[in-house]
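Each of the two complexes below includes subunit A, the first together with subunit B, the second together with subunit C.
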Partner chain A sequence: MAEIELPAELLNKIEKTGPVDLVIGVTGPAAPSELCSRARNSLRDISAKTIVAYAGTTHADSLPCVDTPIQLASFPMPSSNSGAFWLDISTAQRSVLALAERWGARACMVTHNDLAALEPETLRLLVEPVLQSQADLMMPIYVQGKYEGLISKCLLAPFSRALYGRRVRFPLSFDFCAGAAVFKKLTDAGSRAHGVAPLLWPANEVAIRGGKMGQAPVAVHHAVRTDHNDLTAILTEFAGSLFQEAEADAAHWQRVRGSEVVTRFGKSSFAKEDSAAQIDPKPMVESFVLGSRNLEEVWRLVLPPAITLELKRLSRLDADNFRMPDTLWARIVYDFALAHRMRRVSRTHVLGALTPLYLGWVASYTQEVASATSEEADRRIVQLAAAFEEQKPYFVSRWRWPERVS
Partner chain B sequence: MSLDKIIAAGAPAKKKKPGSASDPLWYKDAILYELHVKAFADSNNDGIGDFKGLISKVDYIVSLGVTCIWLLPFFPSPLRDDGYDIADYMDVHPSYGTLDDFKEFLSVAHDRGLQVMIELVVNHTSDQHPWFQAARNAPPGSPERDFYVWSDTDQRYKDARIIFTDTERSNWTWDPVAQAYFWHRFFSHQPDLNFDNPRVLEEVLKVLRFWLDMGVDALRLDAVPYLVERDGTNCENLAETHEAIKTIRAALDAEYEGRMILAEANQVPANVRPYFGDADECHMAFHFPLMPRIYMALSQEDRQPITDIMAQTPEIPAPCQWGLFLRNHDELTLEMVTGDERDYMYLAYSADPRMRINVGIRRRLAPLMENSRARIELLNSLLFSFPGTPILYYGDEIGMGDNIYLGDRNGVRTPMQWSSDRNAGFSRVNPARLYSPVIMDAVWGYEAINVEAQDSDPSSLLNWMRNLIALRKLFKVFGRGTLRFLDPSNCKILAYLRELGDEQVLCVANLSRVWQPVQLDLKGFEGLIPVEMLGYVEFPAIGNDYYPLTIGPYGFLWLELQTPKRVEDYEE
Partner chain C sequence: MWDHVLQALHDSMGRVAARVAQILPGVLAFIVALIIFFILAWIFAAIVRWLLTALKFDQRVGRGSGSLSEISPAHTPTILASRVVFWAFVLVGVVVGLSAFEASSAEPGLAAYVLNYVPRIVGAAILLFVGTVLARFLSRSVLVTGVNLNLHYARLLSTGVKWMVLVLTAAMVLDHLAIAGAIVDLAFGILFGGIVFALALAVGLGSRDLVSRSLERETIRGPEDQHDEPRLRHF
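Let's look at the complex of A and B:
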């Protein structure tokens, strides 16, 4: 659970202000003047007593929002000391939720400190359903092109959907809005794992506890830090955390069958047409082939023989004909999740060995959707999610009886 | 002294460590692993296992999937009854390490998510305990003398049975120092404490607080039916004994959260039921009579011994739980079966008279099953699916054997077999210095049966056990659900339903050595789909007729009854 020690000044402010409707929490430092300006603009259509909190130490009293219904407050940013990219964000998200709980808020919107989500339409879509008790949690559907957000689209989202039974497009997001009913659940999330501070998977947590969920397309683009572009590191952090959550939640998700559509708010179409040039799959296929040579030993420990054989066959294909079936990719992800649980190989090695396989699937996907519109590509992603769901019995079976696989 | 005063008298001023479990009913979902510190791992190579050694093996215990370690007595003791003769309740036997070593172990176990249960052996002490030494030297009627039960004659309490029939002729022993007889329900070197003396209970509560303050999660109350004696009774299960337990429980509830006490009451279920009280005595109690009847049912290839004893098992308060086991550190006790049943068990499971001791059979699980993997698995499937908390005895997870040529019950207390190295990897000491010889014969020896070998064998019993334990932990129904036996005409089939909310599990076991057909009456479950839980395989849906199954020799099925998967369009 996020433990934040609030300074006396802030505690006094909470007491003085009394309960509020909405806390908007920025998960990092922000310039107070810009924050105030953006918040004032984005909240113009929302009538709610609002606190805008940000990580920092600037005295709120000196800030320019004092004459508006919006109040600014800074809170101490707990350090995860992990060096991991998303863990810092998750830690800050938990802190914001804990702050909202302390403030007695009805809703809490967490958002990235690039402030890109502080736009009227985004806030309206994510906050209103929570304030109006239509949802306990509102998740964003980031409007993206067909080549964007592929880790989420081809791994995090389909895996989460199959396990937790909710069709959430972005289970790990910079922005979301939670209702008071789930504050504690989300701040407590992760306390199951001993001694490990996990990422916050808000949708999965709420799914476990049977909360109402919604999602809305938002035209928000967050610039990812350029110093964190190592694919293996990103995959290791995201997939490792998700697999760890799966281990902790096994008693729940093994009893979930099928999946529910999550109520959509806002417009129904959310695919963004790409102006980007075509992606060349060759380097990715080469990485896959290289992986099949160098990592064969790890793959053989993680994957059953039938899949290893299939990968061998794939490695002999030229780039133009390279296609990785959804069923195969789903089983690979499940087998890696299982290997992560079984610890027969170190987790770092397991997750590292996933990267070339991921690139293999991306190479396959980019060729399949090369001439497709974004909407067609999106349907392709939905099809992949369905494959993960269909293969879930394979995963459960492997999980329960790992030795019984040929 | 009133109960409140007794509790208040010892209330500690120092800071207590909290228990490690967040769910107050943690013991209902627990899987206990019983072990001897002396038998598990020897870190200093003196031939005796110790806490440092145990700490080095916590990862192994975690890998098993068990959730609570039950430590057999590790206190200072002359060790004439394997530590159940305690000479100091608040320390660690020097052979096993120090109090700090214990604290370190406790911390490591808690860090790894394990709970820890230790023994509270308070029916009796060692005759070397300072209390007894003071008592025998104190004049009759003095407070010191009054800590134990004395008499000028050995004719009192004549209706009390003798428990250790192989070694004891009477429950009274003459003490030449005290010039009086003292009372003992067990060995003559284990004088019973006098629970009619309130000071005894005060001291017991001090002991309890000493360990619970440290963070210990659970206490096993040893020999609990025998605390109080009265003429004209069999001196078992007396109302005054229950009063003492209630006092202990009240102190526990008043001062601690998330802790548990478990009663060792080797009695028929109806007599064990009062040890739960109105949920104001023990949280848990062993179900002793079930264990021999499981073996009997298997040998007779007939479910009746099991269904009979379960029919005699009364309901218990909601927060309470049965403790179930197949084997433990003692003999397979036959005290709670009829004479004919006992004779049958002796014939079936102890052909060699050396396998018998007192009123029971001193053998481990695997030898009792003649090393049949199928039978070992079947019995474990029952243990892990019956209503209660399963308790695993160290070494049984790898099918360790026993040594019937060792005295007392030491044949089932031999060193843990870690590897095929010297002394089974238990110790590097000269084998002659081991506290007990390791098992060395061709079938059961450590070179054939050890953790290291089974760890690397995906099909080993060890890995099978790990899977079974992990599977059980996925379903709360096993620890908390109701039990209902089905009554198929084929008596070689044991079939029962476990239910908890929307979790419904059908368990079917073939107690015979050959294939068996069975028709199950599953009225009320029409339309549900049985899914075999180990392999996650869907079976045909349940219809309006009897549900037919065919089960292989000693086979078993755990079937989760699922509602058919809803069909939704994948398009969004």
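Let's look at the complex of A and C:
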């Protein structure tokens, strides 16, 4: 993990200010004037001594944040030099948490530098439970449509839920609020991995250490471009990091049985209505079929024969009848996690070969929920997560006896 | 006359038998030396493998994205080190055997000749190993990337890349061994150029259809359709 080195000026400021209640850390550069006005507005319902920190080099004392108890501070952002989509965000999130720990804060709200989460309601939902010691970590439930956040819905959330035993909807999020009890755990997370700097999975880290967790629906939309060409890179980064975490935490998750409901704060509905227009599944089915024709040599090294046979059968279906069962998708993900650990094929190739299968699942899902409301689509996602849990014994068995193929 | 023929044959048989009798101890010494060094090689390779496994060598040398196991998952650093030890012993065995063979035969300089050739053989073996591993890795990388870019000729590209690297490796190995230098140069030029030309033609002709199809799609679909289409957001 990159160690945060704070400049003398900032250290003096920390000493002069003394302990604070809340540090709001922006994980990237932000315009100080806008940051100040957004923070002032969003913190109007929270009476807490607050520092708003952002990545940058502007002299904070000269900034126009007067007549408020809020103080601005800039901190140097360590660069991961990776060019990866999420790694820079994770590095900045760790820096913010380290800064909050140094400041002796009771809570730290980490947020994206588009400042979309700096809204009174969002801040109230995420920060208050931590300040009131109701939770060590508050994760957001982004209010999304049925065709949004698909990697989280079909892979990151169900896999994390099955392994770590907490029903967190967005285990990898731009925004979250952590309490002082978990600062150290979160900043140290990942230092156990060799060589590769891992992403920060706050919910999974807190779940391992048995911390109290909560989640709240927030109407925050972060504009992230993920068109088709970026998909493989993003999927590779997220799935690769999650599988790496699974390898590091194998001793823990093999003992976890079932999953716990995470306390929910705020309103219960968190689905956004979509337009009535349909998604055309044909291009995704074509990608799946192309993968089935060409990547069989990799899939055969990763998946057991029964699953490759099932995939062959799926590849012969036409787009309208294309359905990938939840059990099959869960087993595919588990087998890819195992192949990632076993290195039967290069990890880059393992993760690259997952993209056509993921598109196959997306094609199947979009058809299943085409006429469904957002709530119904959400229930479909819960059903998928339950399938991941049901198939966990399969994963545990494969993990312990990888050469034994059923 | 017939007696002379018989005498000549008899003398010839005698000379061959004497020659065989002269060489045989050398051949036996060669085989014995080879067997002994094979056994030693096996024992030392096992010791090295056991030691490195006990020291968790594979984990220590790093299992990051740039490590050997990323390019060739079947070859962990431990397996590679134990194989190097094994083949080093076998090589020493061959040299010792040849030396023993030379001592018991009337052919001087054989061991020295082979010994001088050994570095070339080792270099060629390393080139061959690296070349084949690289060919497989690059071909799979091209295949996976091509499929994820929806290229229908991904398999063709991947095979082309694999054979380009293999042909290049074969030419380098033969050149390193100083075997048929001019012919190899010429054959390599023709083969390599041929593969590149074939790939260029195949990809060029394939892409023509691809580009025209994509242009057709854009023309048929008006800008208002693009706004109406619901978008998938993967993250």
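One rule holds in what follows: the second predicted complex is superposed on the first by the 396 of 406 C-alpha atoms of A that agree within 3 Å, B and C clash if a C-alpha of one lies under 4 Å from a C-alpha of the other, contacts with A are read in each partner's own complex, and residues count from 1 in each chain.
Assume a residue touches a chain if its C-beta (ideal position, glycine included) is under 8 Å from a C-beta of that chain, and two chains touch if they have at least 3 such contacts.
Keep in mind it's a predicted model, so treat the numbers as computed, not measured.
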item: Three-chain arrangement built on subunit A, subunit B and subunit C clash or fit; value: clash
item: Contacts of A:N41 with subunit B and subunit C, given as first, second, both or neither; value: neither
item: Contacts of A:Q383 with subunit B and subunit C, given as first, second, both or neither; value: first
item: Touching partner for A:Q132 - first (subunit B), second (subunit C), both, neither; value: neither
item: Partner chain in contact with A:G258 - subunit B first, subunit C second, else both or neither; value: first
item: Subunit C versus subunit B, contacts on subunit A by residue; value: C
item: Touching partner for A:W401 - first (subunit B), second (subunit C), both, neither; value: first
item: Touched partner set for A:R167, first subunit B, second subunit C, both or neither; value: first
item: Partner chain in contact with A:A250 - subunit B first, subunit C second, else both or neither; value: first
item: Those residues of subunit A which subunit B touches in one complex and subunit C touches in the other; value: 194-195
item: Footprint of subunit B on subunit A - complex, ascending; value: 167, 194-195, 250-251, 254-255, 257-261, 264, 379, 382-383, 385-386, 389, 393, 396-397, 400-404
item: Residues of subunit B that touch subunit A when the two form their complex; value: 111-113, 458-459, 463, 467, 470-471, 473-476, 503, 533-537, 562-563, 565-568, 570-572
item: Contacting residues of subunit A [partner subunit C, same complex]; value: 144, 147-152, 194-196, 224, 226, 229, 231-232, 234-235, 238, 274-275, 277-279, 283, 286-287, 290-291, 293-295, 297-298, 343-349, 352-353, 355-356, 362, 366
item: Interface residues, subunit C side, partner subunit A - complex; value: 59, 62-65, 67, 69-73, 137, 140-141, 143-150, 152, 154-155, 228-235
